[in-house]
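Both complexes shown next keep subunit A, but they swap its partner, so subunit B is in the first and subunit C is in the second.
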Partner chain A sequence: MGIKDRLKTGIQKNLNQKYIKRLLGIIAKKPILYTYGSTFSSVSDKYLNIFTIESLRKAYSDNYRPVGYGSLFLPYEMIHALGITPFLPEVMAGFTAGLGLAAQTIKQASLNWYSQDLCTFHRSASGAQELEVFPKPDFILTTNLACDAAQKSFYIYSKKYDIEKNFYLIDVPYRYSQESLFYLTAQIKNIYMDISSKSGRKPDISKLSEAIELSNEFREWAIKVNRLRETLTDYPPYFNALNYILPFHGLAGTREAVTLYKYMYIELKKYLAKQLNKNHDKKNLPKKILWLHLKPYYRSEVFDILNKENCIVAFEEINYVYWPRLDPSKPFESLAIKMLSHFLGGKIDNRVNMILKLAGEYNIDGVILFAHWGCRQSNGGARIIKDSLNKLGIPTLVLDGDCVDRNNSSQGQVKTRMQGFLEILNSKT
Partner chain B sequence: MTYNNDKNINDISVFFKNILSSENNRPAVGLFCTYAPEELIFAAGFVPSRVMGRKKLARSESYFPINFCPYIKSSWESLLSADGSLKAAVFTNSCDGMRRLYDTANIYLKNTPSYLLDVPRLQGESSINFFKGNLNDMKIFMGDLAGRKITDGEIEKTAAVINKKRKTLKKFSRIFKELPHLILISTYFKVMELSMTSDPLIFTDELEKYIEFIEKTSRDHKIIPGKDNKKIPSIMIIGNFITENKLWDMLSALNLKLAADDLCTSTRYFEKQIEINSGQDILYSMAQRYLTKPPCMRMADLGLKLKEIENNITENNIEGVIFISLKFCDTVLYSFPLLKQKLNQLKIPVLYLEMEYNNFSEGQLKTRIQAFLEML
Partner chain C sequence: MYTCGIDVGSVSTEAVILDEKNNKILSYAISLTGSSSKNAARSAYEDTLGKAGLNAGDIKAIVATGYGRINIPFADKNITEISCHARGAVSVFPELKTVIDIGGQDSKVIKLENGNPIDFLMNDKCAAGTGRFLEVMARAMEIDLEQFAPIFIKTSGKVDITSTCTVFAESEIVSLIGQGTDKNEIIKGLIYSIAGRITSMVERIGLEEPVCMTGGVAKNLGVVKALEEKLGVKISIPDEPQITGALGAAYLAQGLL
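So, the complex of A and B:
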């Protein structure tokens, strides 16, 4: 049994905070961590895993307080500048799927009256939180950007730990206007000042500006990676960019995010050079898929089927750099601009326009929208997205499934639907 | 129960003749949420009318996923089948589902202009000011629709009209709760539905007369409000946009008193007045009212909602809570784990129900509600 399987089995048998803390204390020690890291096929994957484990170790440790729960789409630049160790329950829900824990956590959520109609990312995270698997938070930050679920489940966490006064919702307006910018900037600034004061620190704007500089640096590398990907006709077997949630979220504004994308760029550039030296049969080049929403985080055949049918995920909407360069001299306003620029905010047109742009830039042959159970904001727009792509003659598959709960997703049905879709795609010349 | 030989007190067709008459059909603007300001629509000369979504699903299923708010899907069915019959449709960003309904209407509804009002989730001063600006934006949209500029004076007048409607509804609600043997639960919600779909001037006038009739009947039959010798459990219903007539009929026939509620179709709709005084910007007053009215679970501070529910339970001597949510309503469903904890602390039993829209399975629900009432 390899190191990864041993870790998995260990956590499955001992799903409690104490065990996880002890485990992280052991594997986060540098020699072990780097040995573990070396089991990954690429440098970027290695660092993604190392940074994730380090970040978790800090969140579970008593030496890196305060700890702040954060939802996706928050301006993490601010959280790092405040010296808060971030902990992302939604990302952890993905881990519960990968580690085979979701059945336990989702069951616990049901026992605590979370309806099974709700998103399994949030149900699994809530179940884990009810099982007290997560570290105790000092602050809880969330936003209404993209979806309703986080703001509600995160409020419940604040109640559990009796820290409602340290619960912050960043209320992102629907429209991007001067008034919206003013309203949002003031909120971000107030939160920054309030948390600084509660942490007994003077608000340090220069730290925030530094985080924004790093965020800009990451942005440049991400754009470079994305440009490079436009020319790639296939990918190294280890590469799955749907795993890279953290650099765009929990690691935003850190050196780690920059490092990751820098390595990714170097690796993909080398791969591209090899690819250019090969004589490709242009007729047999893989079909290019644009992937919308997230993927199943448990073992699923989805990507094997793509591979088998000579298709690649050429790009994923989650990796699209949607925001402009930020101005470090106006940090609060910059973060507000970043949030207001998100394609999941406001009208569906913002998302559709981004998808159509990506379809053109990456010469997309087909689009798969993974319709994760309970994700109203994404699935509610599926018909519009499909119709918009059909107008351009791009086939679209709305693939019903569940990113977290394998029992809520019929593998047979997924397989049949994917094969049918890929047949259509491959029949097109 | 008929207390008067001339008129059945629970036959609202007798008391709301003008509203129910097709002669009073003025152009209407459709609404979908209690945060949509009727004042601005009425000021533009249109009737603010809540879209009830009474249509059975047919075409709507192909626009939205299976696990999507059934009210939204039914509303979309109504909009699709009567495209052009409304002057416009005004949406709010109340939830993810509603945002997508707006997008769908905006793209596929060719003959009905649609507008989305951005409603903040926070309730502080800066949110009120921000919302004031959004109301001004909607005022411009309504003005364009009417083909003229809407003045603040006009809005003040319509705010007074809607305030009066709310005040009268509140009085009706109080009387209904004090006279549970006189007014049926089904009658109460039929009146509420009319209030949301009718010309506010005509409706309020008829409601006032209906209240007078109820008061007279109560006096004639020496029924003392609030004094009820029969021991029946006081129930509170908490939920969202529950409009199922069969449910209300069923509850009317059961041994319970609806002593309090937290629903989009009742208190969340009519509680809290707009402060109208010449010194204050009317849009600011409106923003203040809407953001501080009894909140929907969509708002950030769920703690405030729980406190409000606790107060309601104490003030109305509630013995049991029936929680009814439409399926797939994230904001309401997420409130339940905390609500359950709170009710456990208060030692108040709660019955949890999820239901479809326009698709009511009476037998099963009746058994569960009866068993719950027996337990009380």
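So, the complex of A and C:
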């Protein structure tokens, strides 16, 4: 048994906060995060791991208080400007899958009466919460943008820690209008002021403006990376942009997110130069896939099949830069604009239009929507997405599966569906 | 030159040897898969070689398909049953637009355009709508599965089976028998239940004629008739529907020559 397996077995037998803390210490030194899907195979990947570990280390330390639990889609620029150390339970649920802990956290959630119908990101996070392996929060922030489960499960966390008064839900209106912009801006500002006051800190708008400047800088690099990716016909080994959740969420408004994407740009540019020097067999170029929603975070053969069938994930919707450049002089309004611009908010047409745009920009041959169990916001639109793409002659696979719980789907069936779909793509001339 | 296709399914394994010169089936073999897909594939392969009077050296390419396709060391390539059933069915009915395949552990509907698969749907993770569902029910009723088709044809009434889950449906049947319900009507209800699940899959993907049915369950004329009735179309069946996947694999193996 190798060190990684021994460690995993050890953790599984001793799932408690002390052990998790020890594990995090080990992760910080050793590149074992590849279980999560990412590796230390590139500079940007190395930074992703370091920044992830660093943010976890802070959240588990007593020296970086207050700690704020946050769901995806929040304006993290504000959270960083407030001096709150963010901790993202949904991202941690991805870690539980990668580290082989999800079976235990999900079992714990079941013992505590969390419904099996609840998405496993939230079930696993809730189980971990019940096992008390997460750091104690001082604030809890969430939003009703896209995800419906976070607002409920995060509220349960606030009750568990008796901090309901420090629970904040950002209510993002369905429609984007002047009225909704005004409503959302006021909410964000009130939350900012309230948390400042509760933390005993004087509001410092200049810090918020700085975070927004960094957010803009990140946006520029992300757009450059995305433009570059339009021209790439394959990727460095182990490159998987589906791992890059944090820069768009928990790291938004930080120097780290900028650094990460800057290095990613440099790396991909170098790779493109190498690619251009090679004599590619144009008839045998890989088929380009657009990946919708997330991926399995446990070890899965899904991506091996892609390689085997000569297909690449050319782009992922999670990496789409959907918001305009933000105005640092109007920080609250800017953050409201960013939230209202999200393609998962409002009508399904917003998402469909974005997908069709990406399909054109990246010369997509086929689309895979990974239909994660319990994720209503994404799966609810599957039919209209598939129909819209089929009208353009782009084959679409709605791949039922689970991002966190490997026991919730038959790996053989996932594999057959995936391989069958790629065979169809490859049979098209 | 000869090619071979081997379809390792959950219940049975089929092998077909095809003559590339005239696309004639030289021989085929069907055996039970049992606990080792590797052994089942080897046994079906040797059986079909023997029937054709050939040696392994005469076979120029082998494609494995079916759920056990990965574990066949002597195969040159593995291709999914989606591509293989489509190819096999088109070799028999070239104008096909829809293939319904009901095997032992999964069922699928494949949509074709110009003989090539363009979309497909498979049953979800449970055994409802598969051959296994019928097998379990036959066992619960202590009636030979082969009797299902004649019973379906001669029986006019039917009982609705409401449970989707195979295990729950089995309990439902046991209680229906306990209540004295006519077994023939239960069988008719079971066949309509499987046909109902497949019909919804066909409708989801979009029904287009001509339609063909492959896989072991296509031998059950009761299921075929129920499907024809529900879909309102004529369904063609190959002479030996169970070998369609292996036949398609043998055709696709020609691409490796």
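Basically, the second predicted complex is superposed on the first by the 399 of 429 C-alpha atoms of A that agree within 3 Å, B and C clash if a C-alpha of one lies under 4 Å from a C-alpha of the other, contacts with A are read in each partner's own complex, and residues count from 1 in each chain.
Note that a residue touches a chain if its C-beta (ideal position, glycine included) is under 8 Å from a C-beta of that chain, and two chains touch if they have at least 3 such contacts.
Because the structure is a prediction, the values reported are computed rather than measured.
Under the clash rule set out above, the superposition-derived model of subunit A with subunit B and subunit C shows the two partners fitting side by side. In the superposition on chain A, A:Glu179 makes contact with subunit B only, while subunit C stays out of contact range. Once the two complexes are laid over each other on the shared chain, residue contacts for A:Met354 go to neither subunit B nor subunit C. Shared-chain residue A:Ile223: touches no atom of subunit B or subunit C. Of the two partner chains, neither subunit B nor subunit C is touched by A:Val321. Of the two partner chains, subunit C is the only one touched by A:Gln413; subunit B is not. Legend: residue contacts after superposition of the two complexes on their common chain; A:Ala382 is shown touching subunit B, with no touch to subunit C. With both structures placed on the common chain, the touch criterion links A:Pro395 to subunit C but leaves subunit B unconnected. Contacts of A:Ser427 after superposition: subunit C is touched, whereas subunit B is not reached. Touched residues of subunit A, counted separately for subunit B and subunit C, are more numerous for B.
Of the two partner chains placed around the shared chain by superposition, subunit B is the only one that A:Asn112 touches, whereas subunit C remains out of contact.
Minimum Cα separation between subunit B and subunit C in the superposed model: 5 Å.
Residues 400 of subunit A lie at the contact with subunit B in one complex and at the contact with subunit C in the other.
Interface residues of subunit A facing subunit B in the complex, by the touch rule stated above, are 112-115, 117-119, 126, 144, 147-149, 151-153, 155-156, 159, 164, 169, 171, 173-175, 179-180, 183, 186-187, 347-349, 371, 373-374, 376-377, 379-384, 400.
Note for the complex: subunit B touches subunit A at residues 62-65, 67-69, 93, 95-97, 99-104, 106-107, 116, 118, 120-122, 126-127, 130, 133, 297-298, 300, 302-303, 325, 327-328, 330-331, 333-338, 340-341, 352, 354. Note for the complex: subunit A touches subunit C at residues 390, 395, 400, 409-410, 412-413, 416-417, 419-421, 423-424, 427-428. Interface of subunit C with subunit A (complex): residues 67, 79-83, 106, 116-120, 122, 124-125.
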